[in-house]
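Take a look at these structures.
What follows is chain A paired twice: with chain B in the first complex and chain C in the second.
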Partner chain A sequence: MSYGRFLLKRGFQGILVVWGVVSIVFMLRFITPGSPVDAVAPLDASAELRQRIAEELGLNQPLYVQYLDYLWALLHGDMGYSYISGIEASQMVFTKLPATVELAVASSLVAITLSIPLGVISATRRHQPADYAATTFSLVGISTPNFWLGIMLVLLLSVEFGLFPTSGRAYGFIEAFRILAAQGVSPGLDALWQWLRHIFLPAVTLGTYFTALITRLTRSGMLEELGQSYVQATRAKGLPESLIRYKHALRNTLIPVITVLGLQLGTLIGGAVITEAVFSWPGLGTTLINAINVRDWPILQATLVVIGCGFVLVNLVVDAVYAYLDPQVVAE
Partner chain B sequence: MISPRTLRNLRKELRSSALAKIGIVLVLAMLLVATLAPFMALHNPTNQNLEENNLPPLGFSRATEETTSEMQNGSLVIKNETVLVNASASHPLGTNSLGQDVYSRAVYGARTSMMVGVLGTLLAAILGVSVGLIAGFYRGRVDDALMRFADISLAFPSLVLAIALIGLWGRAAVDIPDPFVMLGVVDPVRSALGLSTGMPDSFVLPGTVIVVVGLVNWVWFARIARGEALSIREEEYVKAARALGASDLRIIGRHVLPNATTPILVLATIQVAAIILLESSLSFLGFSGTTLSWGFDISQGRAYLSTSWWIATVPGLAIVFAVIGVNLVGDWLRDALDPGIEGEGGV
Partner chain C sequence: MADEILKVRNLTTRFFTEEGQVNAVEGVDFDVRDGEVFGIVGESGSGKSVTALSLIDLVETPGRITEGEVWYRDAELADEHRDSHPEAVDGDYVDVRQLPETTRRWLRGPAFATIFQDPMSSLNPTIPVGEQIAEAVEVQRRARANPRRTRSRTQGYGLGRLLIDSVIPSRNYVSDESHERAVELLDRVGIPDPEQRAEEYPHEFSGGMLQRAMVAQALAGEPDVLIADEPTTALDVTIQAQILNLLTELQEEEDMSVVLITHNLGVIARMCQRVGVMYAGEVVERGSLEDVFENPVHPYTEGLLGSIPDLEDPAPRLSPIEGNVPSLLDSEMGEKCYFADRCPKAMESCLHRIDERDAPSTLDGVDHKVRCVLADREYDESEALDGATAPEVTDD
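Coming up: the complex of A and B.
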């Protein structure tokens, strides 16, 4: 199979999964007690009014008509209007999405830049103090609930030392650059600085688990690779140790690391939801929790659809990168 | 199912690994605390005492502003004084904003975590292993359909799906009578030890949470079981059993499942850790059926972070130690049994 055909096949599977995601989100309403009318109608609404609301929301239609209407609207980017605020659901979700993406990307960057060197150092200095420090860190890191870590960071760094704001998001990353372009260097740099100060603690909070996880994976992968006979062969050939480590062993280690990262993407998004709750970060997680609490179905559905589809999309990218790095995957 | 060779490997690994020993000690300690909570707690964890709220742990004190007013020479004098609140020996880890004993709440919180961790994992394992074995054993269309369904489930992060399901289904909980209180042994033992009596006579099991964490974590078990079934079905002994006319159900139950237990067991251990973390996240966000939970206490303590740091710190440390313990046991099993899986699953 060629690389192109592989991507096509994966893309088709991805579309099937997206269809499944969308359908499950639709079904959620029918496995839930109560009716969306409850969320909209006043408590003392008459039966007649409730009937009118049900008609308005299209709830009196047969199930398959509701489903097809929903799919058709979704294809046109229409996810309905919030029951509470009347804002278009798609607009609401896409204004919140950048904050969550920013948080996820920032913490992944923190995790990747810290963990891979840490894992390599740990593996190449096995049973030395650096290795013990790295393994202890990674054990504690994968065992600490991130919301508690966030609270402890706030307690130490914000409450005690006042280094970082305790919550909120001053500017978006793109917004800060817009200010830089429109208002000049000084306010622009100030906006960027505020952005950095606000995202720092949430990114560390969300990134720690992944830093710990990837450190563990890199360490065990490197140890395994360094014990392989091809490493001994390259060593016997007289290649410098750094070349063996970074060009050969690390490269082979990264392939399984990428697989696990793809699988852990859900953990990243779930972690973002709770990190947002800790830092009042105005992203999809906060939106989701609010929507559930007030049964705002259009917003709830839109949030879940965007999270599910985002997951599928990023996984496709991971698969593509993976297949590019390891051509065996394409052949299978 | 557990062969002598497996036991030998477990023992050998345990002897050489200090971390494995620490893990076993932590897990046993937590099981002990959870089981014997009515004897380990210093106070009833739900008893409120507003006279003694926000007491600091032993060795610490808390500064607070106290306003007093009195009449002096016919005019009202208001005085602001900084008063130090000292720790009390009967609350070694302090009290929360309602005056509940932080230590005793952490002890009872262990019960919630253990129950949800073990029962949730069990449910996830039963669902996932069944699906995975069927998919791997029959292959073809059944496999395709089940695994596509698994892909779809995977597209919703566990925490997101769990929040949605619990938020929509409600937070049903079951009251389970505490066996020690029912037997009438708690009060006599506590009096003999000089502790306060009147411990809770029932324990709240957050039923919806258990069902939901099982439902959102089955996929990991399905993936592992499927992989095992795919390779085991090609083994000679399976072919022999089939030639002898054994039914599919018998082959899966008697041959495939027993030979797939090692990786399932290792995964189950990792999942207990993941589910303990998931449960604490859910109760932190208020999506739980019980208030005796580490995550819930952390969310309560958050409001008092600047004055009473211990309220959120103590239950958090309890989670960290419990999860470290389970993870170390998982590492031990993985290293000793070498089922060839990496740490999958998470919050």
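Coming up: the complex of A and C.
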């Protein structure tokens, strides 16, 4: 099987998964108690009014008609309107999406740039002080709850030292670049600086667990690879140690690491609900919680569908990278 | 008489495990001459492979070479180190063990190349076979390009390089010339369609083809000594013969010396000019193939030879050597000859270990050494150790 066909196959599987997600999200409304009418209608609404609302929302149609209507609308990018505010659901979700993606990517970058070198150092200096420091850090990092770490960072760095803002998001990343293009260098750089200051603490909070996890994975994977007989054979042919470590052992270690990275990134897109709450970060996580609280079904559904698609997309990318790194995957 | 390319003296390798000290290789002496195939034969666990790894200094923790010298003949290298490391130089020979770490690593490839038992696990599964061979070529190419060859032989390779290599495959560590040379080498070892096969991954190769590729990789550094550690054990019988033929052919054409490690006496008889028999970490008998195979002195060698079937004169029963290889744990090894417990000719004089002794040799200038009291005397039944089984004389 060629690389292209492999990707095509995975892409097709991804579409099937998205369809499944959409269907389940649709069904969710019917297996949870309470009708959407309750959310929309005033408390003292008459039976007649309730009936009219139900008709308006299409709730009097048979289930399969509602389902097909939903799919058809979704294909055209129409996810309905918020029951509460009347804002278009797709618009609402897509304005929140950049904040979440920024946070997910930023925390992953923090994690990747820290964890992989840490893991390599830890594995190649096994049972030396650097290794003990790295393993201790990863143990602490894995066992520290996000919300606590977030609050502590805010208390220490924001409140005590005033280094970072306590919460919120001043500019979006793209927005900051627009300012750079439109208003010149000085306000542009200032906007970027503000963006960085605001995202720093949430990214570190979210990235710490992630860093710790990948450090451990890299360390153990690297140790396993370095124990393989091909490493000894590679030494026997006279390659320098740095080449053996990085080109051979680390490359093979990264194969499982990338899988975990992808899965984690997927969950981050699902919204780091708690971290977003601690830092009042206006992302999908906050939107999701709000929608659940007020039974705003269109928003809830739109959020879930976008999260599901994001998850599938990230995994598709992971598969592509995975197959690139490990040719045996394509062969199977 | 041919000169020695390699003189191994008192090579001792121990493993420091939690159960105690394991004496895997115990005071091993042997020579390898120019253009010969020297065989090392022994049972599993007799220390053959550790000896091979000790030669190229690749014993991994908890193992360590604790003693011994590995004298390798390289006049140029000897001159280079005569002043800086006088103790490591003797005439044209250098003691590899006393050279600095970087120099030792430099010798892997152009001095010693190694073929391992299982070709499948000896190659990186995620890198094309051709590229892996080309790496070995590239290392030598860079070493030649850098005249201060005992220093760092290549530029460093780090995370940044890995990132660049992964994103831009054309900017690889391996140069085009090295890649072409790798294709030539694949062709040389009889792999059909080498250009295409060079791009394939190890899992796309058969076992025999992969071992050929390993041989090609070993040839990349144009080595003086090729160490083949059970090169055919993991292969089908028909493929074994092909690989052995290939080795013989290359050894003659490239004028290499080969250290062939195997448990297979048939392979030894077919390939080697001289042979060493290992038992419990020691070389118990060594000499020319004729001396060791036709006139063995050590009862262990006799036993080994007695345990192979003879096609021309099929005996009704094969005679195995009773018992098992002893524990190599230092605490359990004791003072007596390691083979005494299994030896049909054990005598009271076997209660103390002895050094190598000369045994009768049929060839001039070829030593026949044995680590056994029987080198000097005949077996005397009156001195037999308790529990030792007297030899059964079966002449049928």
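Just so it is clear, the second predicted complex is superposed on the first by the 325 of 332 C-alpha atoms of A that agree within 3 Å, B and C clash if a C-alpha of one lies under 4 Å from a C-alpha of the other, contacts with A are read in each partner's own complex, and residues count from 1 in each chain.
Methods note: contacts are C-beta pairs under 8 Å (C-beta built on N, C-alpha and C of every residue); 3 or more make two chains touch, one makes a residue touch a chain.
Remember, it's a predicted structure, so these values are computed and weren't measured experimentally.
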Should chain B and chain C be called a clash or a fit once both complexes are overlaid on chain A?
fit
Would you check which partner chain A:326 touches, where first means chain B only, second means chain C only, and both and neither mean what they say?
second
Please indicate which partner A:105 is in contact with in the superposed arrangement: first for chain B, second for chain C, both, or neither.
neither
What is the contact status of A:243 with respect to chain B (first) and chain C (second): first, second, both, or neither?
second
In the superposed arrangement, does A:308 touch chain B (first), chain C (second), both or neither?
first
Using the superposition on chain A described above, determine whether A:27 touches chain B (first), chain C (second), both, or neither.
neither
Partner chain in contact with A:152 - chain B first, chain C second, else both or neither
first
Could you figure out whether chain B or chain C reaches more residues of chain A?
B
Report for A:251: first if it touches chain B alone, second if chain C alone, otherwise both or neither.
second
Nearest CA pair across chain B and chain C in the overlay: distance in Å?
11
Residues of chain A at both interfaces, chain B in one complex, chain C in the other
none
Which of the residues in chain B end up touching chain A in this complex?
19, 148-149, 151-152, 154-160, 163-164, 167-170, 273, 277, 280-281, 284-285, 295, 298, 301-302, 305-306, 309, 312-313, 316, 319-320, 323-324, 327-328, 342-344, 346-347
Interfacial residue positions of chain C with respect to chain A in the complex:
53, 56, 58, 60, 105-110, 112-114, 116, 118, 121-127, 132, 135-136, 139-140, 152-154, 156-159, 161-162, 165-166, 173, 201, 203-204, 214, 217-218, 220-221
Write out the stretch or stretches of chain A touching chain C in their complex.
116-117, 120, 228-230, 232-240, 242-243, 245-248, 250-252, 255, 325-328, 331
Under the definition above, what is the set of chain A residues touching chain B in their complex?
13, 16-17, 20-21, 24, 28, 32-33, 139-140, 142-148, 151-152, 154-155, 159, 209, 213, 216-217, 220, 256, 260, 263-264, 266-271, 273-274, 277, 288-289, 292-293, 295, 300, 304, 307-309, 311-312
